[in-house]
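First chain A sits with chain B, and in the next complex the same chain sits with chain C.
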Partner chain A sequence: MPITEHAGAKLWQRRTTGRQFAIWFGWLLGVALFLYCWKQISDVTTWYFFWDAPRIAGDIGGRMVPPRWSYIDKLWVPLWDTLNIATLGTALAIVMAVPVAFMAARNTTPSATLIRPIALLIIVSSRSINSLIWALLLVSIIGPGILAGTIAIGLRSIGFIAKLLYEAIEEIDKNQVEAISATGASRWQGMAYGIMPQIAPAFAGITVFRWDINIRESTVLGLVGAGGIGLQLQSSLNVLAWPQVTLILITILIAVLFSEWVSAKVRHAII
Partner chain B sequence: MSDTGFDAQDLARRWRPPPLIASARLRWLLGLGAAIYFALAIGTLEVNWLRIYEGLDRGWAFVIAFTDPDFSTRWIDIRDGLIESLVMTVTSTVIGIAISIPIAFGAARNIAPLPVYLLCRAIIAVSRSLQEIIIAIFFVAIFGFGPLAGVLTLSFATIGFLSKLLAEDIEDIDKGQAEAVRATGARWLQLMNYGIQPQVMPRLIGLSLYRLDINFRESAVVGLVGAGGIGATLNTAFDRYEFDTAAAILISIIGIVMIAEYSSGLIRARVQ
Partner chain C sequence: MLRLEKLVKQYKTGDKALKGVDLEVPRGQVLALIGPSGAGKSTLIRCINRLVEPSSGRIELNGEDVTRLGAGGLRQARRRMGMIFQEYALVERLTVMENVLSGQLGYVGFWRSYFRRFPQAAVEEAFRLLQRVGLEQFADKRADQLSGGQRQRVGIARALIQGPDLLLVDEPTASLDPKTSRQIMRLICELCAERQLAAIINIHDVALAQMFVQRIVGLRQGEVVYDGTPDRMTPEVLTEIYGEEDWAATRDKGAGDGHAAQAVAEGDAMAAM
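Now for the complex of A and B:
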């Protein structure tokens, strides 16, 4: 503990002078970095538009109310598509994520030096790229439509499900697996009877949680042409039909709240 | 053994693992419902096999492009886009944290009065329920094209994330320490500074680093609607079917995210 003599009295300080300087210097660097970044942003910004923003916001706000309620008739099918994209995408992700999770978990991977890094790379790639970018990619490969959205959601969800699942696999009770293999069970039987029952609740929870996120994400996939209610949002925005935009946003909000409610209920029932 | 009526082999053969859902009727009903739903849902997919067949070449070209990404042709665009994304990430995370901290204090039930609590919780709920991309569309419409709209979008999204998790951490603090500080006659600000802030600091640093990571990933997306960053470059690359350039951008994003995750893991391990 640094203590200095100060006019005859001993003075306690929390840090040594050197450390205090190091921290101060760290803050200086941080602030300098922030100011530099802010300068970069500021240089390419037309500040006139910024100061004009409240008026524009008021203008758009004024155009957005009241919502065009009659437009709801055209939203039922896209809403159904959105639900399908999220659900089928989650199902697709599960099929791909479970093997990846088993390959990535330290205690079940066939080879820690070769296969585990590949599985981890799959997980990080899937997680780093947003579903909108996956959708953009798939739309340019297989054309616009629900299928592109479904596969995009599927690819995006692999990382999330596999990561949480392999962490759950690594935390299992080893004794149960050993007990199963002591009966002469094969590797697959050990997985089915020793590991699966232990991770089933976590797995169900993760799946429902991801489904909830996927509903949220699939509502905007249409912005890049991958189907769902986002298509309607995009076309309404393109023709500046603000009352329709309001109604679509309300619909999306209700869908998101509904999926959150469902997922909370199901997780509550499982865990 | 037959006189005891106990046949171990027979029992073992008839044993089945206990099902996840105990009620047989509910189990069958759920299974049937799921089957019907999936049949209906897959029916709506409208798969255009011809289009997919044509797309296979392009998909394969993309996979090939990943093994041979083209950084050089559009190097200037990629570099500028990535730098802009990074700049947006830093700015929006700092602004987001600066706004989140007061809101987090307001949203913690144990230190905030009820009206403040409700207001802050409402702000968090709004920020969390709106998708980044939708906010970005509105901010672009309001503030004009460019990275400022992106920065504001990401800052706004940061508020919902950081305030909520930080508020939960503040609600979980050890009350004894705060009371001890209060007992010395500390004012409200001193109580926050010495009684509460040290307890939540490790979590705040961890969350901030995590959010920095998320903001970088999201900054690649907001560019799709004109809010700056690497997204615009990526979108153009896809539109022109320049898969090798797109692959280069995606590899850069993945690489930066991996570096960020690894280094934030190191820092978090040190502070926690």
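Now for the complex of A and C:
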């Protein structure tokens, strides 16, 4: 404790001098590292392209307006596919993630030494692979299309949902569970009465949040051939049809706004 | 009806919470279990329905050894033992009715309970109990909308709908104000008398215990150090249970009516928290 005596009065400081100096040195190192990296990046940048960028951006921007509104007729079906990929993918993930979450939570796992590590492994592997990479893999395995996209979204979401859900399960009030088992309830009844009501708000929040993220993710899955509006984006980019690209981006923006509105409503209604 | 024989509980940390407790509770007797914090009161009642596994000893309920029961047998034994908790332990997000009916879970299969299709007889009994504890108009309210006293009444109804022989009551009044505490204690004791239930009530408030129960058991460091009627609770006995304190000083002022002793005990409960 940095308490010193000076002329009979006790002085108090938040940190000892040595500790204060160590923290200051840490900041110095951080700033030095930042400046070094800045210089490295600057050295390998082709500055010709950089100075050129505003002109190119302006050029593309000019070609992008006005959007080709008539192209919307070709977007309804891909847009619907995108929503379906996100929604079905989330549903698929929930079905698989809920048991995984119960197996991963310390207070509900059937075996902490055997099953819990397996559940955690499932969570980590699902989370560490981006849905675009899942989609690439699945397109080569089951062929291009909506099914590959749906499964990719589902596999990617298992980890996310299971992780947040198992953390919610670990934070429940165990008195309520204890009270239910004291009535002579079975293990499953204990889950249905003691645990489920407690995690219901978290579950709803997590699900809607993930669905919201999945809408955004499924808009790009088409880039690798896994269905949805990304497919149109890809082909429009390939033929440099900039007005179509603008319309697609506007459509995606509206879809995302819609999903955020829905998720805000649902979260508000449940909590 | 309930008989504990040499009940021992040793936690994994090596702490012995119970050091061979012998206790016999006849049908219909309400017993208060007093003792300082950490004396093993909570452990004792949790061992009886095996929310905490006892390390050794016997627990006989109606002649059956509870410690030897398998999962199914334990569920059946637990139906005979209603439990009431300090922090009420209601499922906060369920309604009052669902909380009361959860006391029937030991009798109803999983899917029936999941879809809330309880037998009509159980629902009628739930309404009767809610009326008895004065909450009939709250059946549809969510548990987290109730006050402390109301929640404890729901807890009592949940324990009673099990149709128990024995109530295990863990600090029922520790989170309640003095008036509500008295009402809750009175309610528990009246219901026990009406239904011929035995009860073990863990309680810090010695005077409150003296007002309502027929027998007091004092626990100190996992051992029974007093077992007798409430009127024999002299300062010496209190010292034996809780340790040295000037019990007489505050006791003498109220001489006999128990109010002064109440003040002592409440002060003590405060100190223990």
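The rule we apply is simple: the second predicted complex is superposed on the first by the 224 of 271 C-alpha atoms of A that agree within 3 Å, B and C clash if a C-alpha of one lies under 4 Å from a C-alpha of the other, contacts with A are read in each partner's own complex, and residues count from 1 in each chain.
Here is the rule we go by: a residue touches a chain if its C-beta (ideal position, glycine included) is under 8 Å from a C-beta of that chain, and two chains touch if they have at least 3 such contacts.
Keep in mind that this is a model prediction, so the values were computed, not measured.
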*Aligned on chain A, chain B and chain C: do they clash or fit?*
clash
*Decide which partner touches more residues of chain A, taking chain B and chain C as the two options.*
B
*asked:* According to the stated criteria, A:L29 is in contact with first (chain B), second (chain C), both, or neither; which is it?
replied: neither
*Kindly classify A:A182 by the partners it touches after superposition: chain B alone (first), chain C alone (second), both, or neither?*
second
*Does the superposition put A:T45 against chain B (first), chain C (second), both, or neither?*
first
*Classify the contacts of A:I250 with the two partner chains as first (chain B alone), second (chain C alone), both, or neither.*
neither
*In the superposed arrangement, which partner chain does A:L132 touch: chain B (first), chain C (second), both, or neither?*
first
_Quick one: is A:P197 in contact with chain B, with chain C, with both, or with neither? Answer first, second, both or neither._
both
*asked:* With both complexes superposed on chain A, which partner does A:L11 reach: first (chain B), second (chain C), both or neither?
replied: neither
*Could you tell me if A:A91 is touching chain B, chain C, both of them or neither one (first, second, both, neither)?*
first
*Which one hits chain B, of these parts of chain C: 114-122, 132-140 or 204-212?*
114-122
*Footprint overlap on chain A, comparing chain B with chain C*: 193, 197, 200
*asked:* Show me the residue ranges of chain A that touch chain B in the complex, using the header's touch definition.
replied: 33-34, 37-38, 40-42, 44-46, 49-50, 53, 56-57, 60, 80-81, 83-84, 87-88, 91, 124-125, 127-130, 132-133, 136-137, 140-143, 145-147, 150, 193, 197, 200, 204, 216-217, 219-220, 223-224, 233, 237, 249, 252-253, 256-257
*Any idea which chain A residues touch chain C in the complex?*
173, 175-176, 178-186, 188-189, 192-194, 197-198, 200-201
*asked:* Give the list of chain C residues in touch with chain A in this complex.
replied: 49, 51, 75-79, 81-83, 85, 87, 89-94, 98, 102-107, 110, 113-114, 155, 158, 162, 168
*What residues on chain B touch chain A, complex-wise?*
17, 20, 37-38, 41-42, 44-48, 51-52, 55, 58-59, 62, 84, 87-88, 90-91, 94, 129, 131, 133-134, 137-138, 141-144, 146-148, 151, 217-218, 220-221, 224-225, 228, 231, 234-235, 238-239, 241, 246, 250, 253-254, 257-258, 261
